[in-house]
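As written, the chain order gives the labels A, B, C, D and E, with residue 1 at the start of each chain.
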Amino acid sequence: MRTHGASGSRSTLIALASTVVFALVVVLVVSNSPGWPEVQRQFFNGEFFRESLRVIPKAFLLNVRIFLIAEVFILVFALFIAILRSLPGPVFFPLRALAIVYTDFFRGVPTILVIYLLGFGAPALQISGIPRDELFWGVVALVLVYSAYVSEVYRAGIESVHPSQEAAARSLGLSQAKTLRYVIVPQAVRRVVPPLLNDFIGLQKDTALVALLGPVEAFRQSQIEVASNFNYTPYLVTAILFVLLTIPLARLTDWLVIRDRRRQLALGAAR
Amino acid sequence: MSAETVLAIEGLQKSFDVEVLKGISLTLEPSEVVCLIGASGSGKSTLLRCVNLLEPIQAGRIEFLGEEITAPGVDVDHVRRRIGIVFQAFNLFPHMSVLKNITLGLTKVLKTPQAQADQEAADLLARFGLADKRSEYPDRLSGGQQQRVAIVRALAMRPELMLLDEVTSALDPELVAEVLDVIRGLATSGMTMLIATHEMSFARDIANRVCFLHDGVILEEGPPAEIFSAPTNERTQQFLQRIIEAGRL
Amino acid sequence: GADEEATPTAAGTETAAAPDPCAKDQLILKTSGQLTIATDNPAFPPWFQDAEGAPWDPTTEPTKQGYEGAVAYAVANELGFSDDEVKWVVVPFDNVFKPGPKDFDFDINQVSYSPERDQALDFSDSYYDVEQAVVTLKSSKFAKATSLGDLKDAKLGAQLGTTSYDAIVATIQPSKDPNVYSTNNDAIRALKNGNIDGIVVDYPTSLYVTAVQVPNATAVGRLPAEGQEYFGLVFEEGNPLRDCVNQAIANLREAGTLDEAAQKWIEGSAPPVLE
Amino acid sequence: MRTHGASGSRSTLIALASTVVFALVVVLVVSNSPGWPEVQRQFFNGEFFRESLRVIPKAFLLNVRIFLIAEVFILVFALFIAILRSLPGPVFFPLRALAIVYTDFFRGVPTILVIYLLGFGAPALQISGIPRDELFWGVVALVLVYSAYVSEVYRAGIESVHPSQEAAARSLGLSQAKTLRYVIVPQAVRRVVPPLLNDFIGLQKDTALVALLGPVEAFRQSQIEVASNFNYTPYLVTAILFVLLTIPLARLTDWLVIRDRRRQLALGAAR
Amino acid sequence: MSAETVLAIEGLQKSFDVEVLKGISLTLEPSEVVCLIGASGSGKSTLLRCVNLLEPIQAGRIEFLGEEITAPGVDVDHVRRRIGIVFQAFNLFPHMSVLKNITLGLTKVLKTPQAQADQEAADLLARFGLADKRSEYPDRLSGGQQQRVAIVRALAMRPELMLLDEVTSALDPELVAEVLDVIRGLATSGMTMLIATHEMSFARDIANRVCFLHDGVILEEGPPAEIFSAPTNERTQQFLQRIIEAGRL
């Protein structure tokens, strides 16, 4: 706001200047350090970078595919769990308990183990009719694990909506389900977009774990390159791909949230 | 109790940590307008919320049009859609435009087609001087505008019983007069209403009957003329005495 | 790089004026007086094994058992170290080539030589020439494959970081993308589950797999080598110790020690080479 | 609430019964499947279980240590980032941009790469005065990465507090900092406890990544056991340890949140 | 402008999407009580928020005790701690007990020791009939109780100027009388006040001067006797006419 101008911009400038200076110092110290040439060769190698660019992006498509498929199921299934967990009163205790056990278990167990157990264990049972495809089981494992995380994010959103909103909706004669659908969940989701995106991004990166079951995705492909050249540069290529996937997603959701807030609230509001 | 009785409350008890309603009994006949008056914290809002089944109660029963709505197994949604309530704090939906706030119940509960619901809502909004605010969001409205939207939201559902909690608190005097007109119109068209209010002049103008609530108990009830001019209970007398002293009746 | 071969000083021709740079007291070591050798944990048969023939944990009692175990001690002895002066450290495979000073004098962990890898580290001469072998279940339709062509439609798998994967891609060129597993163990699990038709491992490992890990598996055949593939000991870039070790390896090869060890630890009949 | 009793408990019972039946069917089918004996031997082996119990819990102490140290820094640093990111107005744009770049980058890049770069790269620079300890760099990497995640969770909480709360606090003459400290952040944190816990748990499990730098923690220890026995049971032991760490934490925070809500709100509130 | 003038607003303009305040000028001398009246949505709350620097303004200036507080570089916190405001929607802190709500400003801004702050808060709470609610949380209070806590929170800071937005809307008539007493007491003890209200009787009782706000402009101002009995502006006449018709003046 206007009256903040002077002191606000001064402290901003100081903070910014000191950050820039700090960054410059780090860059200078690093690039003049005795070990820099070797670190550069091992991590930032132009030749291997170009070489990796030929194979890794292709493998990355598998990550994107796994991510998209899993995400759809997670968004729906997690909401279901979150709603179970938010059901009030003693009658719903068993369902609530079920949801709690589910989230505790699948958040607690290392994802790798779930992937191993389902990916190697389930086909090993040799039950006829059960799919053997590793990708199938990898996606199932990711959905189970990430639904536990995402459901807790949803729950935080649901519980942060003031109970008076629910009272108002129920007073119109909306059923509990419709109250959730039209009044609670829309407000809840808006509030938890940043942590939801956290879990999206986490999932994006954990698609790499499906590689444990054999399929070669971007991260595994870069591991192959790293191992065959004894050079870490291919990881850099994968990292860049992941970041490139993250940034537009982050900016898009931010923009959506801000647009929403601007519409709903007075944004001139002083701080 | 005749089948026509709209609302019959019997021995209603409600506690939070302490007992707030200590055995309320109250009956509303069709088209009756009853005003609840009483000190701040005496339990008026709580009583209205109990009638709309928004609070679990500890004892007593509530009958609505002959049906015991506090019985187990009652379809609460069905009951609530026939009882409208305007909350003291408005409780508008902040993520919906004014129009959506009003049409939500119409389209999702009464299954009115969207176009018709929009039309009905627009008409009501215009009647309350809010025609130009229909696509605004609640947080960007003034206090009085929000209160009017809350009234319209409840009215739009055409309930058989209206519960109004301080519906004129944020309104300017002109609007109070208009709301008074609307409520009178509703009353003559047969709507039954239970109104919590602090405005004695409003109560006197509109009520068939006034109930004086004190500390969770209805101490006295009767036609406004009687209550305001010749209260029999000592506490009522005190209450009114002070108001008169303050030059506010 | 390993390109410039230093002329090894012939043993026994040292003069008092020029002390032998490979004499024990002349070697530049991580810890003087001891030879620090690295490998991963666990280390598998037939390369290393403990007294019971199981995989060896380098943090426990040292072992001379297994081919690499035998070679490591033979090289150490050749350099003049007693068995007690050999110290083992655990270095996971992908830590071997991290930049910066190394914690070991050399690493022995079935690391195949390649020119690219040689940019990051220095390799010794070969202490074992490897071939890759294809293993399938006996019940598999690929068990009877007699040529590379018969394996075209097979879904194959290999362990990450091995040259087995390169062999699949370059030599077999199957129509289905090969799977890659973190460990051989995972690859074997997938083989048993029927997710893949076969795995490619180095020939010595295939012996252990078919004999011990998956008795109902069989080695279908060896793959023709594209040029010579060999395992080398791995040194920090520019470590002069390499030349002395190369000399030691040459001596051991000449003396037949390497062949002996291979016969002792890598036993079994070799399957045919697939063409 | 009372009037819900009948239909509520009926549907709960049905849901519960069908879940139990489903679970029983799964157990029966699995344990009668042709492959079960082998799966049991490979994944649920009593002997290897006992053996792993001797070594893995000791290694697990390292995970707990890493977790505790990293968490303290993350909680503080992430809050700082979140506040930077929530600063309003154009004067603070550069700081906000800095915070955005930080969160986008460290969420986007695979944790493994950050660990490699710092853990292998930083000591390799051989700058005097810079620690060489892998654990140090592992913790730094985790703090950098998880602060990006946690700051977004905080931000969601901060932004979900209605601006009128800020107006009220500022109107009392509280500075922006004090408003954050006493009014905004306390309300914000309460709302995001479940997703915060998500990130705690994620961090707990990602302490395993420090093993990439060499130190043997529980997961690496179990990998060693798995590899040397050709049996997956040791993973189970690690998983159990992680779950055992998660559950009390989850229950404790749930309890704290519920106690808070009960104190602040009418909980009899109908639904 | 004399040094004694407490508040001097000049040509204040404020827009959200549309212009809400269209050039407001208003001066408050020490101990003056000025009431803002006007229709719902006319801009009363917005004006109060602007004075407390809670809204950025588009044009005009505000002087408080001779200092231009809308100038760049002003220490806004220092200004705000000397101006108290009671919001129309109360804006209590839901995560703090009633007592904490009140002592927060005292301890963190005025650096009053906690014990003394508690004592002062308890005294004020008792005066407003809330002695037993000191450790309750805002969401568990009735509307009137919340409103009183909001008043106490602002009063506790002993501001030099009070901005009150509909402070009696949720109060029962007895309490209104009491609040009226408190405000009268404050006025005689020298406090300057700017009050937005819909209660004409309240305005008439308490104000030295009444401003009629219409559509973002002050159409008429003067002593209540003058404004209520002989308004000169046509719109003011209409406004009061309707109120009188509704029997509410």
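We adopt the following convention: contacts are C-beta pairs under 8 Å (C-beta built on N, C-alpha and C of every residue); 3 or more make two chains touch, one makes a residue touch a chain.
In this text the structure is predicted, and so the values were computed from the model without any measurement.
If you take subunit B and subunit D together, the chains in touch with both are A, E. The busiest chain interface, judged by C-beta pairs in contact, is A-D.
Taking the mean Cα position of each chain as its centre, C sits at the greatest distance from subunit B.
The distance from the centre of subunit B to the centre of subunit C, with each centre set as the mean of the Cα atoms, comes to 85 Å.
Between the CA-based centres of subunit A and subunit C the separation comes to 40 Å, rounded to the whole angstrom. Separating the CA-averaged centres of subunit A and subunit D is a span of 12 Å. For this pair, subunit A with subunit E, the centres built from the Cα atoms lie 47 Å apart. For subunit C, residues that reach two or more other chains under the stated contact definition are 94, 98-100, 189. Shared contact sites, meaning residues of subunit A that touch two or more other chains, fall at 1, 4-5, 35, 38-39, 42-43, 120, 124, 167, 170, 265-266, 269-270. Looking at subunit E, one finds that residues 16, 54, 76, 89, 140 touch two or more other chains.
The part of subunit A that touches subunit D in the complex is made up of residues 1, 4-5, 8-9, 12-13, 15-16, 19, 29-30, 33-36, 38-39, 42-43, 87-89, 91-95, 98, 100, 103-105, 107-113, 116-117, 120-121, 124-127, 149, 152-153, 155-156, 159-160, 163, 166-167, 170, 176, 191-195, 197-199, 201-202, 205, 208, 219, 232, 235-236, 238-239, 242-247, 250, 257, 261, 265-266, 269-271.
Residues of subunit C that touch subunit D in their complex: 41-42, 44, 54-55, 57, 90-92, 94-95, 98-100, 183, 185, 188-189, 213. Within the complex formed with subunit B, the subunit A residues making contact are 164-165, 167-175, 178, 182-183, 186-187, 190, 260, 263-266. Chain contact summary for the complex, subunit A toward subunit C: residues 35, 38-39, 41-43, 120, 123-124, 132-134, 211-216, 220, 223-224, 226-231.
Against subunit B, in their complex, subunit E makes its touches with residues 16, 37-41, 45-46, 88-89, 140-145, 148, 165-166, 169-177, 180, 198, 200-201, 205, 239, 242-243, 245-249.
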